[in-house]
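Below are two complexes that have chain A in common, paired first with chain B and then with chain C.
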Partner chain A sequence: MQQLRALLTVIRWDVVVEIKRRESTLNMSLFALLVLFIASYAMSDSRELLQAFGPIFYWVAIFFAGTVGLARAFLVEREGGAIHAMLVAPMDVSLYYIGKVIATWIYVMIMAGLVLLAYIVLFDFDDWSKLGRILATTACFVLVYVIVGVLLAAMTTSLRGGEVILRILLFPLMIPAVVVVYSANDGLFKTSALALESPAPFKAITVLLAMAAVYVSVCVVLFPKVVEE
Partner chain B sequence: MTMESLLSIGVSIGFVVLCVLLHRIALAAHLLIGFGLVVGTLYLVCFHAPLEEVTLGTSYLIFYFHFPSAISCLTIFVIAGVVSVLQLKSGSLSHDRRASSAVEVGLLACTITLGTGMIWAEAAWGQPWVWHDPRLMTVAIMWLTYVGYLMFRAAVDNPVKRARYSAVLGVMFSINVPVVWFAIRFFGKVSHPMEIEFAEDVRTIMKTTQWFGAAAFFILYLGLWRLRYRAQTIHGELERIGETFAARKI
Partner chain C sequence: MSPAFLVENLWKKYGYRNALSGIDLEISAGDCLAILGPNGAGKSTLLRVLATRSSPTSGRVSVLGQDVSKRATQLREKIGVVFHEPCLRHDLSLIQNLQFFAGLYPDCRVDERALSLIETVGLADRQHDPVRDFSRGMMQRATLVRSLLHDPSIWLLDEPFTGLDPEGQRMLETLLVEEHQGGRTIVFVSHDVDQSLRVAKRVVVIDDGELRAEGEEAVRAHFGVSGGKENV
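Up next is the complex of A and B:
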């Protein structure tokens, strides 16, 4: 119970800091919206192009903009030295990681929600029955993304060129998740980005959840080693 | 259990013992043996193995270099993962040097695998790369992750921190190895063959050449791993001496 309270405190603290600073969510969202806006403008002459390539840009926008938020995930703690306080606090360090993952997932999902809204407007999306599926797939994709990203961000925040290194490490690890969501595009947006046999969206969700389970079990074990002084 | 599988287990155990024994001899001798065995593979390929395969023609010969590098790179990355776990447990800098030199050699093997694979694919499929093949994709991802690992190391100045973070990455990235190994079994055979189908009359000589080549390249890569480890140890010592001199203002 005490550990659960500690976990909720970490999440609340992170969310409060984000509400006050409004850096991560705002920067991520602006970046993602710009990507979608430019892509939609470039393909505005043809409705077929918009519907064929729109889903790709939807994922690309979330994928690239997400790193803006991840790079800042540990910035406040590192700058203010709060990370040392977290380490000596009477709580499991792994819980701190899980709290951080949940809080970051919330910001990235806010950004993804805005991206979806922009997608509906800019890319002529009108199949409302698929909205739930898209949101569920996005939520699972973002979960895998933040599980890996938060661990890598903890390592790269204090490095010179940390943001670039974070992307170099994160992107290859995320390619399998990207392939899974691209292959589910048929069921989500009626297009096929890759020639892979398209699984139904719920199959993509299952694969993403399995990936999340593997990564979270490894990252929970490794995180205490990353923040250890 | 059949006689053939018993023989395979016996040969595998013998090979592991040989690799352990090789680690005890001088590095130069190890490398010489490795090069000698690779030349031996070349001899087998040129003078014993059939020069043409039923469907792939002469282009199949590159398989005798592609397969050994592929199997070596996967094994070496697993070794890097195991050494990374040991580093996290002990905090030893020598384990860090072992893991990073294993990654460097594994990356070399992985690059050779991708290079020879692309040459072979050009001959067999008419194009060097296909995006929908799970084995190709997973190997390319593995190559990219380990390039990232080396770039990450270059960005961290503190050796203790570098060792710990690199070990974390080493463990994390080794998850890719079973994914690469089982890629075709998981996602189904798309383009990449699971194994070469040998004709009955030449089966023995082709299998022997294949596994002799795998053993030869692996021994050579182990030698290169030792060489890189030694180079990194000397580099670390020189850095330490330099820092001592700088601290004493000599």
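Up next is the complex of A and C:
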């Protein structure tokens, strides 16, 4: 019960700090919205182009903007050394990792929600029946993304050039998840009766959840080693 | 009664460098021990190992009779630590920081005792200000409260007098004496020989990762200092 209380404390106060700072969410959202705006402006002459390439820019925006949030995931604790006090608290170190994953997932999903809104407006998306499956796929993709990213952020935050190293390490590890969401793109974004019937999004969600389970099992074992002195 | 700490043949290596080289040390429950030594001697490393923040390369550390390598999470309930850094979340106020850390300990709340500690360290009128706005000395005072919030039976402090003004240093000396009289086991790292001898019941010197001297005379002889105010 105490471990659950500690987990909720980590999540709650991470969100409180983010509400106070607004740095991660604001930075990520601005970056993602700019990507979408520039892409939609460049292709504004052709609705076909917008529909063909829009989904790719949707994932690109979330993927690249997310690294901004990940890079800041441990800055709050590193600043002033609060992480040391947290790591001598009677909380399972793996739970601390889980707490950071959940809190980071919340910020990245706020950004992803804004990206989806912008996508609807800028890319003339009007197939409302697909919103649920897009959101579910995005939530699962972001989950895999933060599970891997938070561990890498813990490894790289205190390094010189940590943000760059984080991206270099993160991208290859995320290739399988990117391939999965790309394979589901037609079923998620294309507006045809065939696309609506496509099982690809549901398969993608299943595969992403399986990936999340595998990654999280590995990361909870690795995290204590990463933060240990 | 089990000692607060039993350290047996403790080694800690960073790469090829030995930070601690075969330390043996027993600290009784209720003791007040000062660890002295020059910069880079291994004092802070030893404190971090005792605090369960750092794991030994080899050797054994027991806290209250229990092996740290097996029961670190449970033992952390009994230990309060003041690190060299403030260890506070800068965006939160002192009260919010205490609420945050209280959530990490069982049955811990920001209660009357915590408020009285805030009063003792002289931060009562700044408790709702963001810690980011605090001076170094105020952060040090705040971290003292944070470390005692869960009423630990063992209090570890790494250079706790750093950043404190003379009034703050007197406050901390008094607090250390009172907490020791109240039965808390205290281990602190310091550079000030006289201050350490004044506050602690027992003093040891660590140099080059090894325990080199123990007791007032041996410590004074080690540093070649007399009864005056001396820093090492």
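Basically, the second predicted complex is superposed on the first by the 220 of 229 C-alpha atoms of A that agree within 3 Å, B and C clash if a C-alpha of one lies under 4 Å from a C-alpha of the other, contacts with A are read in each partner's own complex, and residues count from 1 in each chain.
Heads up, the rule we're going with is that a contact is a pair of C-beta atoms (placed from the backbone, for glycine too) under 8 Å apart; a residue touches a chain by one contact, two chains touch by 3 or more.
None of these values were measured; they are calculated from a predicted model.
Contacts of A:Glu228 after superposition on the shared chain: both chain B and chain C are touched.
When the two structures are aligned on the shared chain, A:Trp13 is found in touch with chain C, with no touch to chain B. When the shared chain is aligned, chain B comes close enough to touch A:Leu159, but chain C does not.
Once the two complexes are overlaid on the shared chain, A:Pro172 sits against chain B while remaining clear of chain C. In the superposed pair of complexes, A:Asp186 makes contact with neither chain B nor chain C. In the superposition on chain A, A:Glu79 contacts chain C only, with no contact to chain B.
228 are the residues of chain A that lie in the contact sets of both chain B and chain C, per the superposition on chain A.
The part of chain B that touches chain A in the complex is made up of residues 88, 131-132, 137-138, 141, 144-145, 147-149, 151-152, 155-156, 164-165, 167-169, 171-173, 175, 179.
By the touch criterion stated above, chain C contacts chain A in their complex at residues 48, 51-55, 73-77, 79, 81, 83-92, 96, 99-101, 103-106, 131, 139, 146-147.
Residues 151, 155-156, 159-162, 165, 168-169, 171-173, 175-176, 179, 194-196, 214, 218-219, 222, 225-226, 228 of chain A are the ones that touch chain B when the two sit in their complex. Partner chain C is touched in their complex by these residues of chain A: 2, 5-6, 8-10, 12-13, 16-17, 20-21, 76-77, 79-82, 84-92, 228-229.
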